[in-house]
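Both complexes below contain chain A, partnered by chain B and then by chain C.
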Partner chain A sequence: MIGIISYLVFFATVASILSIAVLGLNLQWGNTGLFNGGVVAFFGAGAYGTLILGGTPQAGQLGGFELPYLIALFGGMVIAGIVAWVVGLLTLRLRHDYLAIATFGVAVAFENVMRNSDWLGGAQGIRGFERPLREALGNGFSYNLAFFVFVLVLLIATYVFLERLIQSPFGRLLRAIREDETAAQSLGKSPSRIRLTSFVAGSVIMGLAGGLYATFYAFISPQDVLPILTFQIWAMLIVGGAGNNKGAVMGTFLIWAAWTASGWALSRFAPLEVQLYTGSIQFVLIGFVIVGMLLWRPQGLFPERLVVSQSAKTK
Partner chain B sequence: MNGLRTSALALGLAAGFASLGTDAAAQDCTTKIGAVLPTSVDWGKPIAATAQYVVDIANETGGVAGCQIEMVLRDTQVDPKVGVDAAKALVDLDGVKLLLGAVSSGVSMPILTSVTVPAGVMQMSCCSSSTAFTKLAEEGKTNGLFYRTFATSGVQAAVGAMVAQEQGYKSVAVFYKNDDWGQDIGGLVAEDLEALGIEVTASIAINDAQASYRAEVTEALKGNPEAIYMALYPKEGTQVVREWISLGGSQNMIAANALKSDEFRDNVGMQFLGNFIGTDTASPRTESADAFVEAYTARFDGPPNGPGLANSYDATMIALLAMHAAGEGATGADIAAKVGMITDPDGTLVTADAEGFARAKEVLDEGGTVSYQGATGNVQFDKNGDVSAPAVTWVFSESGIEEQKYISLNEVNDFMSSLN
Partner chain C sequence: MIQNLVDGVLVGSILSLGAIGLTMAMHMLRFANFSHAELLSIGAYAALVFDGLFKAIHPALAQAIPPLSLTWSLSIAILISMALTGLSAVLIDRLVFRRVRAKGGELSMVFASFGVAMIIRNILGLIFGLNPKLYSQDIVFAIVVSRDPFLLIKPDQVFTLVAALLIMFILHLILSRTTFGYSLRAVAENPTLAQVSGINLNRMIVLIWLIGGGLAAAAGVFYGLTNQINPVLGRDLVLLIFAATIVGGIGSIYGAVLGGFLVGLASNLALVILPSGYSPAVPFLIILAVLIIRPHGLFGEERA
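Now for the complex of A and B:
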């Protein structure tokens, strides 16, 4: 029994961390219409930043500053924000698929830079992060539970922040730009600045998710920032419902549950001869869920609630 | 709610597999072990099949510590998140005390740091080569729970340095491919050379698919080395050697196994390769290794040609024997502590087949130790859970590639310990 609870806590921690990243993407795509194809670059910048700032020194590597955990985590977010700001300045004049291709390229470049820079861990990655409060909480279940509560608090904080943000005038402005940029401009707004703000804010949130991810595993390597992660995060948002924060979180839990539960069910119930092919079968099952979703419910499980502006409602 | 119907259908499919499930357990008790391997990749499947083969052998001989073994296999998809989740599920839900895997170092490492070490589960990897595991073990962070049967790049690097010493080179420049393998071996060979008192004039990274390496070669020439060491693949290796020789570099060359190709010889030209010596890790020249090849061929209708198969075989064998030695209800640490009893050089010799497995169990039950003669030779772990391997040196000839010298496991071990 304790095993099941322990696993569920573990699962919920990973799903909550991924939810934070999906919420970041939802701000960019769901609310502002920015097609970010390079989610892993900002996720990775946060992850690497946090471990470099908060890890222990390793021979021949940058970092090991051993900063307190919260400061390291915040530093990781700042680094993700800086990367996003530079990338945003260069690419945000591009639209739609062009932006997607450019940001995808940034993500691939990010992975390659990390793989080739010995002083950033190289292909072996960065390890040697000491989990905070480990002495007090031990290494086992209680530690995982405490970390889960910490992640959950951050997830709720991010959720509330984004909910309030999109209900504010700024949120309406984001949607105005998403729907018709020229119209927004004609009303005296500056779409390019707002797009950049939204892009950086979303990326900082992804950076937070990356920092949590890396510290949870106490390890990050280029293998963690492959394009598959971008695909997974997008799938979570599409299934959950772009433009709806609740959908983003639900979609993450659902897809990650499908991803892991299908592997578990196949390993447990499939006959021995099929066992060796469970990986392939799993891919088919997951692809089936995503394609089915796109065919029958393209707006996602929780579609965006379209809000008529308040002044129009009172008439 | 079409979406829900779809998911329901998917669940139904998964449940459908349940009804197909067969119960293999014939004995009173079953012990589960976990395996996290990349079965969705083509070269990963045979590694998993080999592990399952060993489990079948163990069960034929009456199981381990009186119980049948059931290997629960999970796919990593070569994705660290998926691999760690699978490992956690095996440890928490199936309660395994022994975990086999993973293949990629980038997957094995987070499993080790966030699942197996905190839970006190023994982890045995067949195929992770990164030197980061050695460093982690030296820092005492693996709690002695991690073992691997794949020789680190250290063996080839050491043999490369050995060749340089035997040839009497006083200074060497190192070229390495810019990936994890190349970075690893390039760094190690430079350390080994310096330990032998040979000057390393330059260590130069070679990126893939450049049109020219003139800048890199010129850089290496500045130090005027007597010889060069190359951890490169044939395509880049050919380019580098051509430019190196055309700019007047020395023809004294040492290279890692990646250049062992006729394509490289033909494209560079035999007249320039007279002083070229290559290194490679070798299959051991022992009966036990031949026996493994035979048994494998009979079982799978083909020789074990994929990467990591012999390693996977030995990893599973040793882990299961250690589990037997630790007895019923052993924890991960108990099992890990018994590994030394299986690979004791002074123990009773046992072969790597059903007969040997049964014999080993008898010896262990009587309180003795065994020396397991495996598919990769008489495996011996050092204090960090690493293994070594025999090596060969080879040269190019008019007719192809010829082996020059076989360096046995003991010679490799002695040489490597003399370096430290």
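Now for the complex of A and C:
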């Protein structure tokens, strides 16, 4: 029984962390219409940033600054934000293809640089991170439960922040730009600046998710920032329903459950020679889920509810 | 250094072939097609299958054409593969892109292309296995062109370059001398006006996929001939091909040709300074450089 509960806590922790990343993507894509093809770069920047700033010194590696945990986590978010700012500044004035290609490129480059730079951990990744409050809570179930609560609090905080943001005048502006850029511009707004703000904010949120992910495993390696993660996070948003934060979280839990279940089923029931291809089979399945959703239910399981005007909502 | 230059031109010709189709589709349908590089994989594997088939039908076809490792059977297989890949591109458009397009989302198309790329790449892996394959098991030695500076060239590489240039020249003739070429350029310039003049837009889209797919297949076979064929070929080349289109300017066919050669050269020359492990990051650096210096590429025009 305790085994099942502790597994559920593990599952819910990872799913909640991913939900935060999906919420960040929802701000970019769902609310602003920005295609971020390199979610892992910002997720990874947060993860590497947190571990480098908060970890213990390792021979021949950058980092080990042993900063207090919350400062390290915040530092990771800032690093993710800086990467996003540079990419956004160069691409957001151009037609939308450029952002898609450049973000995809930054993710490939990020993974490649991390893998090849020994001073950034190289292929072995970054170790030597002390999880915060480990001495007080121990290593067992109680720690995992406490960490889950911490992640859940941050998920709720992110959710509430984004809900308030999209109901604010800024949120309306985002949707206005998404729907009709020229019209927004004619009202004296600067679409490229607003888009940059939204892009950086969404990436900072992804950085938070990355930082939490790295904390949870006390480890990060290039293997954790492969392009497939971008794809999974996208699938979660598309299935849940772009533009709807509740849908984003539901989609995350649904897709993550399906992903883990299919991986488990394949490793349990598939013949040995098929096991080598488990990854390929899962990738094909998730590819079909995406294309199927776009073809038959592009608005997702929980579509965005559009409020025409503020006064219409109060009635 | 000189070796890097020569290698760069050889790789560049392959990238140009891939970039021509990509830039046409991106210009016409206005989306970044992340599945375009998978057409190279389809082409490479289709040629592998038909090469094997022809060898089995008639052993004489298995003879290599000296001094190449290219066999008679593979040369026929390339043509069949080009046709088949072009048809697959049309089929993918019918099944996925056209339907997503009908629902209106330009950006949904980008994402759909991610999904399509994922499906194609992994299905190829499931069918043909994850291990690399070769068209020919014979070892063809590279020819030492000069010792100082040291320069090695394989006959297959020379063939690839000549064939790629020939294909591009034929395309140039089609674009500049035929009614189809005029229509294509008219549609690219102004789709509405072109339709008023009696050009069938849907037929043009089909033709663009056919040509783009065919050229991609040739690029895939040439890549397989000079390197090896594996299921992640598309993943490895996608960013280089995108870089080529951005360097040339999205929508410009001649820009894509030049962009392919420039990216091929730049990525090979970068290896003079950078350790080879960093080569996957190089296309991103090229893209960044273009965005900083000349965002719309060499021949691109500003267009929202």
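FYI, the second predicted complex is superposed on the first by the 272 of 315 C-alpha atoms of A that agree within 3 Å, B and C clash if a C-alpha of one lies under 4 Å from a C-alpha of the other, contacts with A are read in each partner's own complex, and residues count from 1 in each chain.
Simple rule for what comes next: a residue touches a chain if its C-beta (ideal position, glycine included) is under 8 Å from a C-beta of that chain, and two chains touch if they have at least 3 such contacts.
Being a predicted model, the structure only gives us computed values, none of them experimental.
Participant: Let me test your reading of the model: by the given contact rule, A:W259 touches which partner, first (chain B), second (chain C), both or neither?
Facilitator: First partner only.
Participant: After the superposition on A, what does A:V106 contact: first (chain B), second (chain C), both or neither?
Facilitator: After superposing on A, A:V106 lies in contact with chain C but is clear of chain B.
Participant: Would you sort A:Q124 into first (chain B), second (chain C), both or neither based on which partner it touches?
Facilitator: first
Participant: Just chain B (first), just chain C (second), both, or neither: which does A:S280 touch?
Facilitator: A:S280: touches chain B and chain C.
Participant: With both complexes superposed on chain A, which partner does A:F288 reach: first (chain B), second (chain C), both or neither?
Facilitator: Touch status of A:F288: both partners.
Participant: Please name the chain, chain B or chain C, that touches the greater number of residues in chain A.
Facilitator: B
Participant: Given the touch rule stated above, what does A:L94 touch, chain B (first), chain C (second), both, or neither?
Facilitator: Once the two structures are laid over each other on A, A:L94 reaches chain C alone.
Participant: So, A:F231: does it touch chain B (first), chain C (second), both, or neither?
Facilitator: Second partner only, chain C.
Participant: Need the overlap of the two footprints on chain A, from chain B and from chain C, as residue ranges.
Facilitator: 115-116, 276-277, 279-280, 283, 288
Participant: Hey, which residues of chain A end up touching chain B in the complex?
Facilitator: 3-4, 6-7, 10-11, 14, 115-116, 118, 122-125, 127-128, 139-140, 143, 216-219, 221-224, 226, 228-229, 239, 254, 258-272, 274-280, 282-283, 285, 288-289, 292-293, 296-297, 301
Participant: Show which residues of chain B lie in contact with chain A when the two form their complex.
Facilitator: 2-3, 5-7, 9-10, 13-15, 17-18, 20-22, 24, 38-41, 44-45, 48-49, 52, 72-75, 77-82, 84-86, 88-89, 91-93, 95, 104-107, 109-110, 113-114, 117-119, 130-132, 136, 139, 178-180, 183-184, 205, 207
Participant: With touch defined as at the start, can you tell me which chain C residues reach chain A in the complex?
Facilitator: Residues 26, 30-32, 34, 96, 99-100, 103, 105-108, 110-112, 114-116, 118-119, 121-123, 125-126, 130, 235, 239, 242-243, 246, 250, 275, 277-278, 280-281, 283-285, 287-288, 291-292, 295-296, 303-304.
Participant: Which of the residues in chain A come into contact with chain C in the complex?
Facilitator: 29, 33, 35, 37, 90-91, 93-98, 100-102, 104-106, 108-109, 112-113, 115-116, 181, 227, 231, 234, 238, 276-277, 279-281, 283-284, 286-288, 290-291, 294-295, 298
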